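So the structure is just underneath, and the comments pick up after that.
Chain IDs A, B, C and D follow the sequence of writing; residue 1 opens each chain.
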Amino acid sequence: MPATEQSARYAEVRAATGRLIRGLSAEDCAIQSMPDASPVKWHLAHTTWFFETFVLQPNLAAYRGFDPTYGYLFNSYYNAVGDRHPRPERGMLSRPRLGEVLAYRRHVDEAMQRLFLSGPLAQGIAELIDLGMHHEQQHQELVLTDLKHLLSRNPLRPAYQGPWPLTPIRPRLRGWIDFEGGACEIGHEGAGFCFDNETPRHRVWLSPFRIATHPVTHGDFIQFVEDGGYRRPELWLSAGWDAVQARGWQAPAYWERRDERWRTFTLHGMAPVDENAPACHLSFYEAEAFARWAGERLPTEAEWEIAARHAPVEGNFVESGALHPLALRETPAGGTPAQIFGDVWEWTRSDYGPYPGYRPAPGAVGEYNGKFMSGQYVLRGGSCATPADHVRASYRNFFPPDARWQFSGLRLARDAN
Amino acid sequence: MPATEQSARYAEVRAATGRLIRGLSAEDCAIQSMPDASPVKWHLAHTTWFFETFVLQPNLAAYRGFDPTYGYLFNSYYNAVGDRHPRPERGMLSRPRLGEVLAYRRHVDEAMQRLFLSGPLAQGIAELIDLGMHHEQQHQELVLTDLKHLLSRNPLRPAYQGPWPLTPIRPRLRGWIDFEGGACEIGHEGAGFCFDNETPRHRVWLSPFRIATHPVTHGDFIQFVEDGGYRRPELWLSAGWDAVQARGWQAPAYWERRDERWRTFTLHGMAPVDENAPACHLSFYEAEAFARWAGERLPTEAEWEIAARHAPVEGNFVESGALHPLALRETPAGGTPAQIFGDVWEWTRSDYGPYPGYRPAPGAVGEYNGKFMSGQYVLRGGSCATPADHVRASYRNFFPPDARWQFSGLRLARDAN
Amino acid sequence: MPATEQSARYAEVRAATGRLIRGLSAEDCAIQSMPDASPVKWHLAHTTWFFETFVLQPNLAAYRGFDPTYGYLFNSYYNAVGDRHPRPERGMLSRPRLGEVLAYRRHVDEAMQRLFLSGPLAQGIAELIDLGMHHEQQHQELVLTDLKHLLSRNPLRPAYQGPWPLTPIRPRLRGWIDFEGGACEIGHEGAGFCFDNETPRHRVWLSPFRIATHPVTHGDFIQFVEDGGYRRPELWLSAGWDAVQARGWQAPAYWERRDERWRTFTLHGMAPVDENAPACHLSFYEAEAFARWAGERLPTEAEWEIAARHAPVEGNFVESGALHPLALRETPAGGTPAQIFGDVWEWTRSDYGPYPGYRPAPGAVGEYNGKFMSGQYVLRGGSCATPADHVRASYRNFFPPDARWQFSGLRLARDAN
Amino acid sequence: MPATEQSARYAEVRAATGRLIRGLSAEDCAIQSMPDASPVKWHLAHTTWFFETFVLQPNLAAYRGFDPTYGYLFNSYYNAVGDRHPRPERGMLSRPRLGEVLAYRRHVDEAMQRLFLSGPLAQGIAELIDLGMHHEQQHQELVLTDLKHLLSRNPLRPAYQGPWPLTPIRPRLRGWIDFEGGACEIGHEGAGFCFDNETPRHRVWLSPFRIATHPVTHGDFIQFVEDGGYRRPELWLSAGWDAVQARGWQAPAYWERRDERWRTFTLHGMAPVDENAPACHLSFYEAEAFARWAGERLPTEAEWEIAARHAPVEGNFVESGALHPLALRETPAGGTPAQIFGDVWEWTRSDYGPYPGYRPAPGAVGEYNGKFMSGQYVLRGGSCATPADHVRASYRNFFPPDARWQFSGLRLARDAN
């Protein structure tokens, strides 16, 4: 990507972050609602720290750091660049204030523009900037999911933005799409950006399989709930059943039962559960139990990628402004799975591990992905909180099997015969 | 107290709260740093809720509540007036914003002035307003101690206000003051305000005792530390030793060791420990262990009260602006214990229980004190964060034996003979 | 006490311990059912270790220790005599086996008899032996209460011994006995044995009070339960209400509701709750809440002692074999409280602290009592698991306010107008 | 297998269990040392319960159950056959006594012999008996590892059996064996017994790889320790580093440092660490970190199985009596990996999931494996505590990544070029 193009894209990515926090107060941005989530202010500073630490300090001659303490406060997990403030303590930082963090963003953005103007960038630098932008897009999604969690803990159930028409649509029949399997290739291909965990492209052997035309909907999931799904241990993985009992799960995250109807907390406040929209805020355990209840299974990540590789990367992404999964409006042409991008991240049956031949990038950014490769499961496809140009068929998202605060759902699969 | 006098005092107490938060950001006021502490914003709202709920709603005819949800959000522990938001969740409330809470304060203050102007108040109402003002003063102290705890958890150790000269003073020799004991009366006496836990005045029998002329100083406490005080189980109550080990205590709260010297976090930022100032941020366990190490003991609350009853209520209170215990400047006349009011709350050996014949006030305000009468120890005398007109010789403060975030220290006692 | 008399009493105390474990298996004696309880085998060894460590090793010239590792394994909390095995780990000791521990007991008993035969003992030694015997009696009670807890965690609810007729008796009306108060003396008096925490005898001032003729019965307590006692926060101390909610208390420990009736686990297996027997297995919090519900209060320990000082030390002790509180068969003469000794330990409103002028014994046995003087409440009078000659009016038992596995109940008190 | 042959094998498997507990006391068999481990008595009863519940009750006409309560007490996790006693409570069962459990075993064994004598068994029954015998063999290994853990928590470090000569042997050079990869088949093949998790046999695609000729030895691992392996976060998976810090790991489980030398707890008591024996009692995290430190990686389970499929199932199994990994005595012929069976289970990089096309067995025994397929990693090859005829190349053992109490080690792998 030429420097001017990259400069424009940088400005756009950074501005998109700014748009997300319009209307938020300093308090909304400061509080940490659980150890897994971070304050919005921290996301704003950490994404900026990434550019300052990995791009500006080594490469912009006259760069003057904004504040020497920020390196400690806003490092997330890069052990190689020094000590860091513990994650569960991020919510203790009333200082620096939001205004100071926003000044930090401007300071770094101005320096980045100086860097872009300084002439063509070496390939390694340009790649780091690319990585930083995708990093920022990941945190854009977390800004929304973490903020949603915070607001949900307020008994007033306040909205992030005004109500959005969540119009119910007629349900579609679920069908199946067949794939032949055999020796297939997965992993990133081509010249565009990818994270190191999508590489190397490699061969896998797949038996013939089928994958559902649509994600599981809230209406489908209500049937599971009403059939006693949360009370039947035989439907669950053992660790999943333990989680159900220890946490008292009786429905997806954010659901509340009032007057015989299910309602859910959204970024627009409380709203009725839309039965035709993709099911959401499910843990891996719930997705897996649902599939067993339905007599089907989750796809592996290789199956999912084969099914998605020819589909256009279109759908309900963050740019739509819905910030919630939506019912399908039109069914795609035969052979293309519907809603495979956007709406909800889809849990796969694959644990998040290294591809054969995987090598982390050298240096500190090598800590980006590889060290998280245990105890998590892969999700694919992006969600209603993902930037549209951030995701692709080979993209591997990952969360622990009990995580429910992301926009996470599922699509069923089965063996072909 | 005539209504105009009470009205003026009301205005002054409320304004004093406002002065405490000058210079604080919305974030400083929103975060909860531990379950024992509350956000400043919560203190601002809760003290206001007290007047709205117990004074205005029952007694001001045309009173219109500010927001119907606040009754739930800002009730502390009065079960009799309905459900309440759980204490450890107070830090989850990014909404209402600080600005809204300040508007709530103004709304209630205006209504209170209308009430004062409405004519002479019935005695019961005037008494409730008095209680509300003392309640607010208690929370003024907590605003400072809770905020101090929050700022201490920020690795930048930010200051609440600019540095204050903590001038070292020459040490004074500690002496003893003798008391005869026998049948003595303790508890509140006279017409002024008191909390119900100071009543009824009643007789106790005391053996002859002596009480120290000065509180234990930081210099004294450093000797304890350097003599291995935190490593010698024989000096500690069993529960205290458990706390030392479980929490890794090696010095009073907020102390840090750097370059062979002790420094401590104050509301003015990090500062050297002043050896001549009263020792501070000690738990009951540490106070009790220090006394054993010194070959002395803590006074009972009855002994303390007998020793203090003729002393003037003067000293280093919040109005001095020091916000930290100070070294003694001049020794009082013979027979009067120095620094018995202000600087630090002094732990006694008495558990916080009901006086013989104690009756809680009827109605919801009866939950003010009585229900906390287990598992806590009595402290006396007020601190550098206490309003000067809030404390008296019969005043009983109380905290669990492991609490260290208050300005808490000790004064030694011994049996006579 | 002359040496032959002490020798005989030693033999009897030790034999009484042996009788308690008749019929128990090695497994019954090895398991620790919660951190507060100890395995029976540990009690057997620890009481023996006391004699070996404090009596034999310093005083019997040719004494050869049974096993050098036992000093570490069976020290309870005497820091002064070296390291000790952590309390919650006592249940990890499958070795030494029960048989070895019984051999240890015989080894020490034989050495003790040699010591008794060696001539008149110095007073200090005789006093230590006395202390050791009372120490063993305390552990006899704990053998029963700890074993009861273990058996209660077995879903088969096995019995310790065969059923015992728990005959219901007609209820007695509760009355009151008046006491004048004034300057009274409490604490141990006379030449008999006492623990150091009963000293020094000292004066207290009491207002006139009344104390109930009988302990609160199970029938009384069922009324509290049925009146919603466990669901009404206004009846509870704040810490007590926290315990009710955190632990889901709905009735006294060991109670189970079946077929609309209350049953309870006893050392004879499951049995119906006897409405006329003293209420049992109550925490301090439950006792205090019951008293508030009844419109009365708990006595202080001084009141209790004044009320009990002239009563004969008679009642349902361990020797009766009932091992459960029993309904009263005959009412004592006027002015004497019924069942004030035996049946159930009675919670008082007094926290367990040092008497004025209290001095722990010098040396390691000084750790016996003093270091536990925080966070616990005093119980008086002994129970159905206490040896008859172990208790007296000045005896101070103590447990944390949430402990329920002892035979603990209450007697009401009130102010005499 | 003909019935007489199966009958003989049944008798032998059951007798092997009996031999394991020779010399253990009732206490050794009763105590549960952590929630992950079970008391030996529970293993003895649970394996018997399996035969009673799944074989005798449905198939032996006149079978009379031994005790109706055992179905509840000794069910492990089969939800389909009713409620069960919670796993962490297994150590609370002092009753039934060991003697009763042994009588239960005899009762079931006699009934089983009647069943064998009743004529040829239907294939389904014979298969269930086969499953029960392999189930019992799994528990034989757990008897040893759980007992080892219990004994290790006794400060006396008692031995399970007398010392065994752990003779140091000269070290061997580690080499590599090459495999071509491509489309390979893994999973169980042929007519012998296997668990359902080894099926179906299926194709995978492997890139060319190399696998080490020997397992990593204790000597290798000491180098890792001495190179600061436990203090360098860059060597660890993020979850592994969390475990290192939270648990204070500084060496493999059971290691103790004394006099500058490493010693380890074995079933023969404390012994020096044998540098030439395979490294043992490692978690997955430690195995994975070691591999990274060494510049290599763990094999996948498919790679391991391809490497092992032609090796004879020979090695240091439980029958050798060593009960500890041993140094290699003779190197196998070229191309065959040494010690690939026995000594230590070898961690693979594969999470434990379902094979493509996996179907759990119908009915309650379908809960045997499938429900544990999350959050665990696969180990291969058997250990010094595994019965020799219990393991095979396709056998999949699995444990959570932080488990260290099994005899678990590793073998390195790398990509070919």
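Just so it is clear, a residue touches a chain if its C-beta (ideal position, glycine included) is under 8 Å from a C-beta of that chain, and two chains touch if they have at least 3 such contacts.
Everything quoted here is computed from the prediction, not taken from an experiment.
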item	value
Steps needed, at minimum, to go from subunit B to subunit D via contacts	2
Furthest chain, CA centroid comparison against subunit C	A
Subunit C and subunit D, separation of their C-alpha mean positions in angstrom	47
Rounded Å distance between subunit B and subunit C, as computed from the means of their C-alpha atoms	38
Chain pairs in mutual contact under the definition given at the outset	A-B, A-D, B-C, C-D
Subunit A - residues contacting subunit D, complex	77, 79-80, 183, 202-207, 233-234, 236-241, 284-285, 288, 297, 300, 349-351, 353-354, 356-357, 367, 371-375, 401, 415
In the complex, subunit C residues that touch subunit D	25-31, 33, 41, 69, 72-73, 85, 89, 91-95, 97-98, 150-151, 153-156, 158
